[in-house]
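The same subunit A turns up in both complexes below, where it pairs with subunit B and then with subunit C.
Right, the complex of A and B next:
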């Protein structure tokens, strides 16, 4: 009786332990392996003072583009600039509208407000998500000639599997 | 308690501790995942820009005797507005030295056309449009200027002219500098 109990319980416990370790080994790396790539700048191109310029998130040549290669659930937020600036301090206001964000996961398309961010779920069968941004530059009349730029930062935080 | 039982209990406690440690590691695993950030640059280019707008001609009126002078900084002058976003130079081409009769092919009516520019509230000194170079600089608020075009016709020119209507045209050229 004692021998039987001594031999069965440790084996069961080790099986549980192995299961836990295996479970941890299979889920944690899947969450941690997130590859975020900035693929393309948001390019408003040549502007005329006083004339707004809009880049829509479906504009293949000029939209900002990121690729997120991972699986699971993530919250994506952005630090958006309010102005593009040039070296002498002149600025061009820039705005992001309700539908200036776009997520494509395989054939699923979602539009979102970049200021509010978006939650995504990349299924195991999917390989990655493409994030696109558009926006509107609004150069005031008399804005001096020059090259203007600003940085857009995208942050991605895991929220589950 | 037998020795066998104590050993079994010790093994179970070790196993239990290991299970707890592994479970803790599992719970902590998502916490090890760091938020990631990536950035792109938004860019735009504003090209040198200038535009001339406005309408209205310079009229010397009806001349029967005596000459006339129209101040380019006055209300009777022809005016144009220049909008610019970079430093520019305004010059004039095709400045006539005589107004030509609109009918027939008679002699011209000698004229001297003068130009001035206003940025803010101040007018520059009037100068002969032919050969004038009016530089406009972009300042903190200066992106617009007013061109004034006047001129003068002498009494002698009027006396010698055949009655009729005379006209001439000049071209305003705005160049980046």
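Right, the complex of A and C next:
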């Protein structure tokens, strides 16, 4: 399409078109575009000192959940915390097992080790990949009261470019 | 809001075991409470969800303009803190043909890295709900930069712009987990006339428990990354296609790819073709090279 032809369209039409493209109004992700959504945080619920609490990646209410809407081949890796840390230095260990990761692409389900990451391939017919994480919090007996925090980092890298 | 709602929902849980003995009115109340819980959880999920859209995922820059752009968009109702940084990396493969992209803050010696002389404007920003932001990438290469292609990766780090929700786990013990995402886009910077091409260094076809397994090793010629597509067809003794696969492939130095055909009974040969065809990256950004074809017989 030449610039000359394009300029004949009303300016507002191009603005609307640009808005539609940018907003991802289409249900299918645009080519060479990635939309990552962190849908839900990992929720360990009620912790009792001395009692480990496990969240499995099939636990709809408490697992961490991400959606990656795109097409192509990607490597998904995680930087996982080893502890939930309190400001004064107290810590609650957190562990991620080798089946605590789960990927769903349409009806294809893959279980993976979050520490190792996973490769995904989203075909043009697929709209997105759903990625879930479970884990285990292991509060030791006598864990002091306080606010404990940690960060989970998910990295999405295209392996085809 | 999340915390308050969790408190409100929690007292309902112990009643679940009493449900069979409930009277009709109590059952109605329980159903209403359950429905309310679902509504609240759904609303919480929608409110909590955070997102960032990155486009395009591959940036091509040249020495004439020395600029590129990435468009970020936040479609969700919470702000996102965005941080743009650069690292060096390109796809490499292991002995099984699995591909990964190791990232380095500093490029290994001898690599054609653009990482050190790239800048993003703005480098940090808050993406408000519904906001779109163009990030401009500027190159400031050294004056004596030789002709060639130089590589980098752009790391777009998104963190929720509000503190993570604290879950009340005990009267005075709280847990908060921050979820951060890093989307990595590729960047290729070209100066002068650059070429690319591929050599097949090894090809192997065996039958395994998992099916027919084809392994291809390739290495790149020229100065630029080879960006293209591979088509692999499993053929029977009469050269009829019994199965086929296709995938994108990028060769920066050398690469191994493996294809497994679980349902290729009767196949005795593989025919493959590697073409510099990547319309999704903008075909004009692709440096073309002659198509590489070949066949490999079953061992």
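Definition applied: the second predicted complex is superposed on the first by the 128 of 161 C-alpha atoms of A that agree within 3 Å, B and C clash if a C-alpha of one lies under 4 Å from a C-alpha of the other, contacts with A are read in each partner's own complex, and residues count from 1 in each chain.
The rule is short, and it goes like this: a contact is a pair of C-beta atoms (placed from the backbone, for glycine too) under 8 Å apart; a residue touches a chain by one contact, two chains touch by 3 or more.
Since the structure is predicted, the reported quantities are computational estimates derived from the model, not experimental observations.
Applying the stated contact rule after C-alpha superposition, one finds that A:141 touches subunit B and leaves subunit C untouched.
By the touch criterion defined above, A:101 lies against neither subunit B nor subunit C after alignment on the C-alpha atoms of chain A. By the touch criterion defined above, A:84 lies against subunit B and subunit C together after alignment on the C-alpha atoms of chain A. In the superposed model, A:119 lies in contact with subunit C only, and not with subunit B.
Legend: residue contacts after superposition of the two complexes on their common chain; A:61 is shown touching subunit C, with no touch to subunit B.
Contact with both subunit B and subunit C is seen for A:44 once the two complexes are overlaid on the shared chain.
Contacts of A:71 after superposition: subunit C is touched, whereas subunit B is not reached. Touching of subunit A by both subunit B and subunit C, each in its own complex, is seen for residues 23-24, 31-32, 34, 36-38, 40-48, 64, 66, 84, 92, 137, 143, 145-158.
The residues of subunit A lying in touch with subunit C in their complex are 22-24, 30-48, 61, 64, 66, 70-73, 75, 84, 92, 119, 121, 137, 143, 145-161.
Across the complex, subunit A meets subunit B through its residues 2-3, 5-6, 9-10, 13-14, 16-17, 20-21, 23-24, 27-28, 31-32, 34, 36-38, 40-49, 53, 64-66, 81, 84, 92, 94, 133, 135, 137, 139, 141-158.
Put simply, subunit C touches subunit A in their complex at residues 41, 45, 48-58, 71, 73, 75-76, 89, 91, 98-101, 103, 132, 153, 158, 160, 164-167, 169-186, 227, 247-250, 279-282. Only residues 2, 4-5, 7-8, 11-12, 15-16, 18-19, 22-23, 25-26, 29-30, 32-49, 83-86, 138, 143-144 of subunit B touch subunit A when the two sit together in their complex.
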